[in-house]
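Each chain gets a letter, A, B and C, in the order it is written, and its residues are counted from 1.
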Amino acid sequence: MKHRKKAGASVVAVTTAALLLASCSSGGGGTSSAGDGTGDVEVWAHQGKDTEVAALQDAVANFNASQSDINVKLTLVPEADYTTTIQSTSADDLPDVLELDGPTLASFVYDAKVAPIDSYVSQETIDNATVGNVNQGTLDGTLYALAQFNSGLGLCANGEMLDAAGVSYPDSIDSAWSADEFLSALETLAAENDSGYALDIKENYGLGGEWGTYAFSPLLQSAGGNLIADNKASGVIDGPESVAAMEAFQSWMPYVDPDEDDAALVEGRVAISWCGHWLYPGYSEALGDDLVILPLPDMGDGTKSGAGSWTWGMGSTTKQGAAAGAFLDYLLNDENVKAMTTANGAPPATESALAADTLYSSGGPLELWGQQLGAGCNADSITDDCVTVLRPLTAGYPVITSEFASALAAIATGDDVQSALTGAATAIDQSFADNNDYE
Amino acid sequence: MSNPTAESPRRRSLRWNRRELPGVAMATPGIIGLLVFVAIPFLVAIFLSFHNAQLNSPRAPNYIGITQYTRLFADAQFWRALGNNLTFAAVVIPVQTAIALGLAMLVNQRLRGISVFRALFFLPVIFPMALVAVIWRLILARSEGGLLNSLVHFVTFGQVGPQDWLGNSATALPSIILLSIWQGVGFQMIILLAGLQEIPQERYEAAQLDRANRWQQFLYVTLPGIRNTLIFVVLLTSILAFRVYDQVYILITSGGANRTATQTVLYQATTSVFDQNNLGRASAITVVFFAIVLGITVIQRRLVRQESEA
Amino acid sequence: MTNAQSQRARSRRWRAARSYLVLTVLAAAYVAPAYYLVIGSFKPAADVLSGLGGFAPQHLNLDNYRSVFDSLASDSTGYFWQFMTNSILISLAVVVVGLVVNSMAAYSFARLSWRGRDKSFLLVVALVIVPFEAVAIPLLFMLNDMRNSLLVQALPFFANAFSVYLFYTFFLGLSKDIEEAARLDGLGSFGTFVRIAVPSAKPVFATVAILTFMTTWGQYLWPSLVVSNPRYRPLPLELSVFSGQMPVDWGEVLAFGTLLILPVLIFFVAFQRFFVQSLASSAVKG
């Protein structure tokens, strides 16, 4: 018996040691190398809309056909599992090139899963990226990722319904509705509509997921609050400004259509939709000239909006840096950026493609969102002029977004705002304290 | 369950003798599998629960003692999750067993085509829980287009408007209980049906001669006759009921279910690791979970044993 | 025929009619969600969430199925039939190996005596309680080198404490007489197990096989952690291609859901009689 017990104990010890070793060796960081610029390049991306998938598959096929040195092999993982897949894959097993959701980048840098790309991607490509694009991909002065497109967020409304209800609406960033004006607009519109609703906040996307943080944390910042400041959430995410913003949000809920069929605006059940750029093509087709694009409500400190989207980085252990960089150069050229933004309606994240774009440039239907993106900033340096705020560039972001979005979902179903936000603040601060502020 | 036959008295030598070897050999693959893929990982989870650790991080776990546990016990959300687990179990165990027994008695009649009905009641058991959650998310949808809302509207002649079944804290957990029972009850039904079929028909005939009515027959013939099967079903349902996770996870993340009102302990464990990358906390949660379910199982067994000795 | 007899016959017929009525109403309510799944898979997405209209068999077409197959038909996304094949292979492997490993262990616990047996069995019983979610992450570390294979998806599930427990209770309840006779005829422990215990345990083998197949078929968490290569992905992971993408196209989700349970459903309908009866006759004697 004694012997067997000992054997059992040593199995445990060995496993534990192996586990520790595995967790030590899986990182390391900075082990990427350029390679000779030929051979296979493995690429991972999320499997999103069919049109986006087709644009990416075409880009890969065209790249492989355009030259004979490099062969790109694309793997698509369903969007819902994509980030978990990267998380559960050790750095050694990650591909040469991988797509990342912008705000998760810092946590993957922290886990040494992505490599700096500035020595592999050409300088022209970097210079051609928009400021917001470079900001999203830069941590501590090092560039880790570049995106093909940015994102636009605001209100999409049925102008005819607003006019019919006698609700006047803003025509520029500066004239955004105040919180009170927005609420009274909702009251009026709901009373006019047989559905009893006035607003669609894309509840069908799930407020408790990334949509919640992307779309509604700008409200905090517009009120003068924020998600986090100086690595501290207490007094910020649950400060009086943030609480006021979320109380206003809660007061809109009676007018919100559940929108389970994703058609509330199109079918006229609501007059206003909390709206991401990807909705524009469908709305525009359904409403035609009646569709108006408005800024999000101004909670006091000027309207704020979201920015950032999927971006491209490289696995930290890639031995194909040069070839991977060549592929990223190709992916970020005008032709491919245009193909992708045509497929998903997003604002291009390169200067040359943005200049050629007809939607977001001056005079285009989404000019307002173009202007918003032109006035961008990071979450830790919000100025009065800034409109689009990137989600916080910290490795603690997964905790921040999970806590905020959960609180938001609870607030939407009627929970007390202060206690929901304070709960989030406590959890975020605990996580930052445990991990030495994710430095 | 009864005890295995008494252990062999010969235990002097350190190695198994030849007579014992076949037994050891036959049990070995299973035991090794369970040790390597369940017991050892679980020991690792216990180890991790005393650390601050992340998934696939370049930093080694650092020891923080029982901090994860003291935090858990001070966390209102954790208690809420545990409370939801207990409520779920407290409702599902008796209700699902009762419904299963009712259905089993219904399909235990000698009627033509009864096997079709048995199959229909068993059908949901073959549905993966992920799919069940998706179907019920549509049924419970909070718009007028939701199946249940539409039904309520129809039945009440439009007097009752659409309800947010999953979002409302009062109806969220009952909704999850409902769909869980729908999916699982067929399995218990079949086990109980087997128990019912083993009761000799003569006992019912004897009871009828004694002028026992149907309720008395149920109390004095049926229940004692399926006592052991019932105990098994209750134990089984308890273990499964505490494990509730898939449907909760899917409905909270993509079905608009009220998180506070529906989250369970295992939901907290997985979100801790996948949303917040807090492996230590997740491990502590699963260890506490194991301890609680173990405790409840032991108590249940004690009660059962005492009763059978009494 | 006496008056009393005809009265009894009439009351029996009336009772049967009443039973059929109750059974039919219950079964209809019970099967409604499944019907909703299947009928919805043939409808445009807008029709799915149209209240009771969701039940109406109108606007039926195959568009949803077409787009499901179209979404899963390239090297980068993987192919539908590949996923289906992977799932079938994994499930069958877990069932077959699991039946052998767990029944042998159970028989050893129930019938053979060896030192450490009772303690080992206690361990098995305790392990029934450990939920897979608790061990998934440590397992991920241990099996990291086997990522992206079919084996890694099956390996942790071969030995199953609950299956051992089901077999164990059944073997305990078997009459010992035949086994002892077989032993007197010179059959060893293993021979007795194979020739005597296994044949009489057919129903419990069927039960465990069915249960194992169904739980393995629905696996989601583990494959999502260890598989990224489409070549090795099992079918359920692809559910999130349709349900995890905003906005959700409910028609496609239901079509995929129907395809997901189709193999199990065919299996179930084909062996329905055997299925239910075997489950019933393996009922555990407690």
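Quick note on the criterion: a residue touches a chain if its C-beta (ideal position, glycine included) is under 8 Å from a C-beta of that chain, and two chains touch if they have at least 3 such contacts.
The structure presented is a predicted model; accordingly, all values stated were derived computationally and were not measured.
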{"item": "B-C or A-C - the one linked by more C-beta pairs in contact", "value": "B-C"}
{"item": "Chain whose Cα centroid lies at the greatest distance from that of chain B", "value": "A"}
{"item": "Chain A and chain B, separation of their C-alpha mean positions in angstrom", "value": "37"}
{"item": "Separation of mean Cα positions, chain C and chain A [Å, integer]", "value": "39"}
{"item": "Between chain C and chain B, distance of the C-alpha-averaged centres to the nearest whole Å", "value": "16"}
{"item": "Overlap residues in chain B, where contacts from two or more other chains coincide", "value": "40, 44, 55, 141, 143, 145-146, 254"}
{"item": "Chain A residues counted as touching two or more neighbouring chains", "value": "15, 19, 23, 80, 84, 88-90, 206, 260-261"}
{"item": "Multi-chain contact sites of chain C, meaning residues that touch two or more partners", "value": "49, 138, 140-142, 243-244, 248"}
{"item": "Chain B contact footprint on chain C (complex, rising order)", "value": "16, 19-20, 22-23, 26-27, 30-31, 33-34, 36-37, 40, 48-54, 100-102, 104-110, 112-115, 117-118, 120-121, 123-124, 126-131, 133-142, 155-159, 161, 164, 169, 172, 188-190, 193, 214, 217-218, 220-221, 236, 239, 243-244, 248, 250, 253-254, 257, 260-261, 264-265, 268, 272-273, 275-277, 279-286"}
{"item": "Chain A-touching residues of chain C, taken from the complex the two chains share", "value": "45-46, 49, 67, 70-71, 74-77, 116, 138, 140-142, 144, 147, 224-226, 228-230, 237-238, 240-241, 243-248"}
{"item": "Of all residues in chain B, those that touch chain C in their complex", "value": "1-8, 11, 16, 20-27, 29-34, 36-42, 44-45, 48, 55, 103, 106-107, 109, 111, 115, 117-131, 134-136, 138-139, 141, 143-147, 149-151, 153-154, 182, 187, 190-195, 197-198, 227-229, 231-232, 239, 243, 245-246, 254, 266, 269-270, 273, 279, 282-283, 286-287, 289-290, 293-294, 297"}
{"item": "Chain A - residues contacting chain B, complex", "value": "3, 8, 11-12, 15-16, 19-20, 23-24, 26-29, 80, 84, 87-91, 107, 110-113, 203, 206-209, 257-261, 398-399, 402-403, 406, 409-410, 412-415, 423, 427, 430-431, 434-435"}
{"item": "Complex contacts: residues of chain A adjacent to chain C", "value": "1, 4, 15, 18-19, 22-23, 44, 47-50, 53, 57, 60, 73-81, 84-85, 88-90, 93, 202, 204-206, 211, 260-263"}
